[in-house]
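Letters A, B, C and D mark the chains as written, and numbering starts fresh at 1 in each.
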Amino acid sequence: MTLTYYLVLAAILFTIGAVGVLVRRNAIVVFMCVELMLNAVNLTLITFARSTGTVDGQIMALFVMVVAAAEVVVGLAIIMSIYRTRRSASVDDANLLKY
Amino acid sequence: MIEAPDLSYAALAPLLFVLGAACVGVLVEAFVPRDARQPVQVALALVGTVGALVTTLLLSGTHETTAGGALAVDGPALFLQATIAGLGALSILLFAERGLDPARSAFVASAAVPAGSPRDRELLTATRVQTEVYPLASFAIGGMMLFVAANDLLVMFVALEVLSLPLYLICGLARRRRLLSQEAAVKYFLLGAFASAFFLYGLALVYGATGSIRLRDIREAGLDGGGDTLLVLGLGLLIVGLLFKASVAPFHTWTPDVYQGAPTPVTAFMAACTKVAAFGAILRLLYVAFGTAEWTWRPLVYAVAIVSMVVGAVLGLTQTDLKRMLAYSSVAHAGFLLTGVLGLGAGGEGSGLAGTMIYLLVYGLTTIGVFAVLTLVRDGDGEASHLSQWAGLAARSPLTAAVMTLFLLALAGIPLTAGFTGKFAVFRAAIEQGAWPLVVVALLASAVAAFFYLRVIVLMYFSEPVADGPTVGVPGVPTTVVLAITATATVALGVLPGAVLDLAGQAARFVG
Amino acid sequence: MPAEGLLAASWLLIALPLAGAAVLLLGGRRTDRWGHLLGTATVVAAFVLAVACTVQLAGLDQRSADVELFTFIRSGELDVTAGLLYDPLSAIFALLITGVGSLIHVYSIGYMAHDPARRRFFAYLNLFVAAMLLLVLGNSFVALYVGWEGVGLASYLLIAFWYTRPAAATAAKKAFIMNRVGDVGLAIAIFVMFAQLGTTSYAGVFGSVGTLAGGTITAIGLLLLLGACGKSGQFPLQAWLPDAMEGPTPVSALIHAATMVTAGVYLIARSAPIYDLAPTARAVVLAIGAGTLLIGAIAGCAYDDIKKVLAYSTVSQIGYMFLAVGLGPAGYVAGLAHLLAHGFFKAGLFLGAGSVMHAMNDSVDMRRFGALWKKLPVTFATFGLGYLALIGFPFLSGYFTKDAIIEAALDRGDVWGWVLGGVAVLGAGLTAFYMTRLMLMTFFGRARWEDGVHPHEAPTVMTAPMVVLAVGSVGAGALLVSVFPLSGWLEPVFGEPAEAAHVVAPAVIGLVVTVVMLLGVLAAWLFVGRREVPVTAPVRVSPVTRAARNALYADTVNESLFMRPGQWLTRALVWLDNRGVDGAVNGLAAGLGGTSSRLARTQTGFVRSYAMGMLGGAVLVAGALLAVTAG
Amino acid sequence: MSASLYLVAMIAVPAIGAAAVAALPRERGLLAKQVTLGVSLVVLLLAVLATAAFDVDGDRFQLTTSVSWIPDFGAEFALGVDGIALVMLLLIGVLVPLVVTASWHEADHGPRPTRVFFAWLLLLEAMMVGVFVATDVLLFYVFFEAMLVPMYFLIGSFGGPRRQYAAVKFFLYSLVGGLIMLAAVIGLYVVSTSQLGEGTFAFDALRQLDIDPEVQKLLFLGFFVAFAIKAPLVPFHTWLPDSGAEAPIGGSVLLVGVLDKVGTFGFLRYCLPLFPDASRFFAPFVLVLAVVGILYAALLAMGQSDMKRLVSYTSISHFGFIALGIFAFTTEAGTGAVLYMVNHGLATGLLFLVVGMLISRGGSRQIGDYGGVAAKAPLLAGAFLVAGLASLALPGTNSFVSEFLVLIGSFPERPVFTVVATVGIILAALYILLMYQRTMHGPPRGVLLQQDAAEPAPGLGTGGATATATATRTAAPGTLRVLDLSRRELVVVAPLVALIIGLGVYPQPLLDLIEPAVSATMSDLGGTDR
């Protein structure tokens, strides 16, 4: 049975995440979409680990999870602070800086 | 059974210095009483960065890989680490400036307090200062130094995050104009995360294509003529991730907003150090992992360079905010740097590597200098970064205007300033590889860019001073030191660049 | 042969007046008191020296002396030495210039006595004499060119001497510009000589001109002729000379009658070896001479401004000279003789006119003169003699010289000979007419003076030179043609005068010319003398008269052909330069600015659009890479 | 001091002087002027000494110094002069002290301190010297660009009403040219790397290169555009009228008198010897630009109402003659062209200075505001006339010799172009005499009748400007007392007049200096086609 399906699925997930970033307004959701992309990558890594028969891919997946966690910490902190000020988590409200 | 990788601690000393200082810094935040923190943190951060600088210089000449080949300690790595450490130290000094802002610091007292709330207003006048920035900055610097030494895509990714996450945070820590600052942070964060997702996906694809993430193995698995779609796609996505950090058009969109919103010292830090780190990674990725297959990426870089130069130069023309203008200028400079990157000759020959490294050093120094001057000119609400406020500044403060002029001329690449040396180096590299049309475009772009640098000079010198113009603050010791060093370096590297060119020339050889 | 003795010092001829000019110009007001005396002294001294030199020259067996001074310009092939050539031809000019020059300096002492800027006047006069001497004494075409433009400058300064009068300023400018047009011809001629012969010295050019192709020689000849026309006020460049009368009268007498305007004749005579080989060019000289002769005479008939009449007369007389030198060896001597004679009587006439104006409060309108003969006896006498000499009254100078020219013309023996001769005779008639008209309107008839004019004879310092010149006018011709033949003197230059078999006996010609002249006088008396001269010029006149009054529309042509189009062109170009050339640059700048602000709109400030941009970029990058590797 | 140090000193002395002047306290304006004058006189002395030490029959380059500068680029700090550079040094040496004297009161009443003006002036002098004595192409380029900065500040800080526009325009135009040249400079370096093993910028080494014609064309264009903008040739000229008109008089004099000569100097020093084939290939096009420029600019000059713009346009026309002389490729024309560069510096320099003195009295640059000045100020008028005659190349003035040499030298090679160019001398007479007549002749007009007009426009005060202005304000109402030249102004005018006439009568010494270098250049040019 082929691994291509997994890769395709991962690609689809990645795309969904990317599109989500573009279409969703809520900062949290946007951020979650990014997380989705990261997890799509994880799936890819695992698949390749399987195909190449090395463990590197799995290790990398673990690394990615850790990094993602760190990103969540930082990200939520930032989003919180601006939410407190603006009472809104919509990324479209934050556009004082332009042109 | 996996045996522990060999670690050459000597070779890692620079990194250990900075990251160690950062970790200690965290403890300091936790245990040292608030009033004592500022000096301690500053001292610590300086020890870390300067220590790193010294150790890299001591290590010069080393040419090896360590940590099981995950880290390269070679000429370029050391040169760029030294650059980053040095520029980092200067940025730390800018952070530490307490003389300019009446509230004794450029950073918000308590980031958690909502902007504009009563508490925030009372904190604004309080002289209490926040010191998290120092460990954060140290982490970022550590990440950058790791970034340029990463000989392995995974390490590169980790380094990327280590340098990015702290930056996202400190972008949001401005004491004044907090809304802008926070907005900058959010934008930077979201887009940064987005970009790193691309990088990561690219990593995965390359891994899938070559079965390894070691740069050397990738080269050996290399693109054999035909072109392995996975690998090419991977390369593309990796480049996207890096170009984003280097704020190369069309991945520059975050740059103006973030530069403008972030606290000026942070902007200086980002503009100088991030650029160096990003290009360090680009060079290593392209030269080491894809050096033998440069025919694949050369056209791409060629095109991106042109786009970046043109976009930066043209958009800079109509900016009215100095920080924003400098952001576009940095986009243009990214383009100039890419012309240097194209100076890779057959079999790794060519002066492209050395040229680019020189340019990075020069650009970093000048940029920090220019932003340092920016922090001096203030009105009631922080820095007076609107162009119109600079009219007739020369009459009010000749010295400030003179120094600013020096940096602007350097950015414009006028001879006898460091900027010219850098430009010459990269353009020479490009022409050696027959990329003269690109160089002509670059030169025309820099002529256009020169216009907006000149405009500032015209305002400062040839316009009559405006009523109720901004005041020019008297810099404290740290900023003075920064200005002195950067200005001297700008002149020295312009008049007698021999030594440094020599250094870069020798350093310009990748391991592996 | 190299000069020794006085001839070696002939450079002093130029140096003396030049020094005078320098002293007067640099000395400033300090020299006001004695400046005019110094100025006169230098020229007189030069005259004495010229006489001495000429005497010595006469003594030499081979009458020619070279004076090498210093290297002027040496570079590559070009080697121009500043040097003088003192030979019979330059000698007679030197004598004429310094001689008449001295007289006019003396005259000016009186004429300019009350002018605050008299010192400046004498400085300019000295400058002119120096330049003119350089022109005739120089031993190369470059030296000649230097003098050529030098006299142009002097003439400019002197015409514009009363520069607060716009008319004077404009006239001066006009003179300089039209001269420059001629100078271009002269300059290019020199270029051709250098390009073809590698030298510009008379000796070198004349020595090797024979080696050139006929076309080239003709070209040189025509170019030189252009220069000559400019300087001598010949068609088509004659229009400046009458306007030049805006200058003080002594200037008109010296520069615009006796000397400078004859430089063209000198040039052609000097370039005889070239013209001998360029029949076409010579033919053109003839045509221009004949044409200008008539133009000048006709215009002279119509003007009421005494100086303008004399000016056109000059134009016409120089036409005679051109005609003569255009005839070649046969005519050179005749032409030069007429030149010298003309130098005397025309200078005399101008000085006379000056004295009249002096008496009439500087009015030049002959309609407001009349009956001056008893008020200004001396002037009348001298002027009268000059008049008679000019119209060729038997046995006065004009008679001999003009007849000689007509003879030479007829001696060609072909049909053109007859045509030219006829023109010359006709010209003689016209000359008689307009000069008689002038005499009648000025000295006879009823006094038509403006109120408050009290004519009085000029002081001796002015009359004396007039007397001397009058004597010259009477005697010169006979002297030069028969007593002391110029032909013999000039033999070293033009060679043996060919004894042509006369087509018509000289006596007959003399008779014919005299008759025609008398007819002219009669006509003048009929038109002017018999009836009252209206104080204002009649308006309703025949088109011929109107044409003549407008000098055959020379100015109109110049204006509509060159001036106006030039002004339009200039205006157009200014517009082009500002809107077009500079506009392109500024437009580019503006364009960039516009693009900039339009592009800046894409920086919307929305994170999601930035992300969109990045995604698009990523796709493009990936696509590009795939395209590269696939293809 | 050993002869070879003269050149170094000629750069160092004014540079140090500039620093010293800049360091003076604001109120010591007078001292600043005195120091500047002193320094510029020292430079003049050095130039004379250098000339004395120069052996006409000696090597191409003399008084050479060479220190390693940027080894990695193979760039050296190499100085040396040939006859061409030497005469330009003399020109600089003569002009700067006069400019300083003429600008004595230039900066007295502006918002900006006096010392700044004179410091920039000295720095400019140092750079100008450097650009002519550099024998290392990179060093030349560095001076070429760095030269912009002082001039930029002179125009921008002390210029006329539209000084900002003019300054930026000047800077950007030159910068664009310079940057394009930079590409060519690097290209040349790369070629030298491939041919000589290691890259060099040494002029003498580069002259030996045998460059592929196609490459030559590209490199030639790179240099040519830069120089054509500097010189300036039509159609790259539109910056000059603005800069020339807006700059303070001293600036205009040095700009047109010396700075722009760098362009023509560049043609002769770099374009011809380094790219002989390309030079020969492009010569016809350049000649077209030159000849068109002569007539075009002359006609434009006639159309100007602003005296300084007019003079600027006349210069553009003159540069056409110089370019013609250079690209005719004959020794005579080349020598003439170089002499033209010197003479034009003196003649147009004087013209600008006198125009400035007139403007400082009338406070207006418009020709229409003047008339009949000769009656009030004969000396001024006289100087004006001499300058005018010199710039219309009347025999007896220096310009005649050079113009004559250029034309007579070009004719054998390029008869058609030369003939067309010769027509230019008529136009020259026109534009000069028109201006002279309108301002000096005729009855008193314009500012001579209304006395308030004596207020000098900002930045236009030259020489006795303000002094005159005050004098006139006390003058009888209705009539403006136009003072004749002050003693100081006489000191400025006299030497130039003397030089103009002296060199007009006896130019040979200069020609002897210039010719060897020119014929060497021409042989470089000819040496390659066989």
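Please note the rule applied: a residue touches a chain if its C-beta (ideal position, glycine included) is under 8 Å from a C-beta of that chain, and two chains touch if they have at least 3 such contacts.
As the structure is a prediction and not an experimental result, all values here were calculated from the model.
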(request) Mind having a look at which chain is the central one, using mean CA positions? (result) D
(message) When contacts are scored as defined above, which chain pair ends up with more C-beta pairs, B-C or A-B?
(response) A-B
(request) Compute the distance, rounded to whole Å, between the mean C-alpha positions of subunit B and subunit C. (result) 79
(message) On a C-alpha centroid basis, what's the spacing between subunit A and subunit B, in Å?
(response) 25
(message) Please tell me the distance, in whole Å, between the geometric centres of subunit B and subunit D computed from their C-alpha atoms.
(response) 44
(request) Go ahead and note the Å separation of the Cα centroids belonging to subunit A and subunit C. (result) 96
(message) Can you pull out the residues of subunit B that are in contact with at least two other chains?
(response) 186-187, 190, 194, 256-257
(message) Using the touch definition from the top, which residues of subunit D touch two or more other chains?
(response) none
(request) For subunit A, write out the residues touching at least two other chains, lowest number first. (result) 18, 21, 30, 91, 94-98
(message) Which pairs of chains touch each other in this structure?
(response) A-B, A-C, B-C, B-D, C-D
(request) Sort out for me which residues of subunit D touch subunit B in the complex. (result) 68-73, 111-112, 141-143, 145-146, 148-149, 153, 156-157, 163-164, 167-168, 171-172, 175-176, 179-180, 182-183, 186-187, 189-190, 193, 218
(message) For the complex, give me every residue of subunit A touching subunit B.
(response) 7, 14, 17-18, 21, 27, 30-31, 34, 37-38, 40-41, 44-45, 47-48, 51-52, 54, 56-57, 60, 63-64, 67, 70-71, 74-75, 77-79, 81-82, 84-86, 91, 94-98
(message) Quick check: in the complex, which residue numbers of subunit B touch subunit A?
(response) 111-112, 114-116, 154, 157-158, 161, 165, 168-169, 172, 178-180, 182-187, 189-190, 193-194, 197, 200-201, 203-205, 207-208, 211-213, 256-257, 260-261
(message) For a test of understanding, state which residues of subunit C touch subunit A in their complex under the given definition.
(response) 600-601, 603-608, 611-612, 615
(request) State the interface residues of subunit A toward subunit C in the complex, per the touch definition above. (result) 18, 21-23, 25, 30, 91-92, 94-99
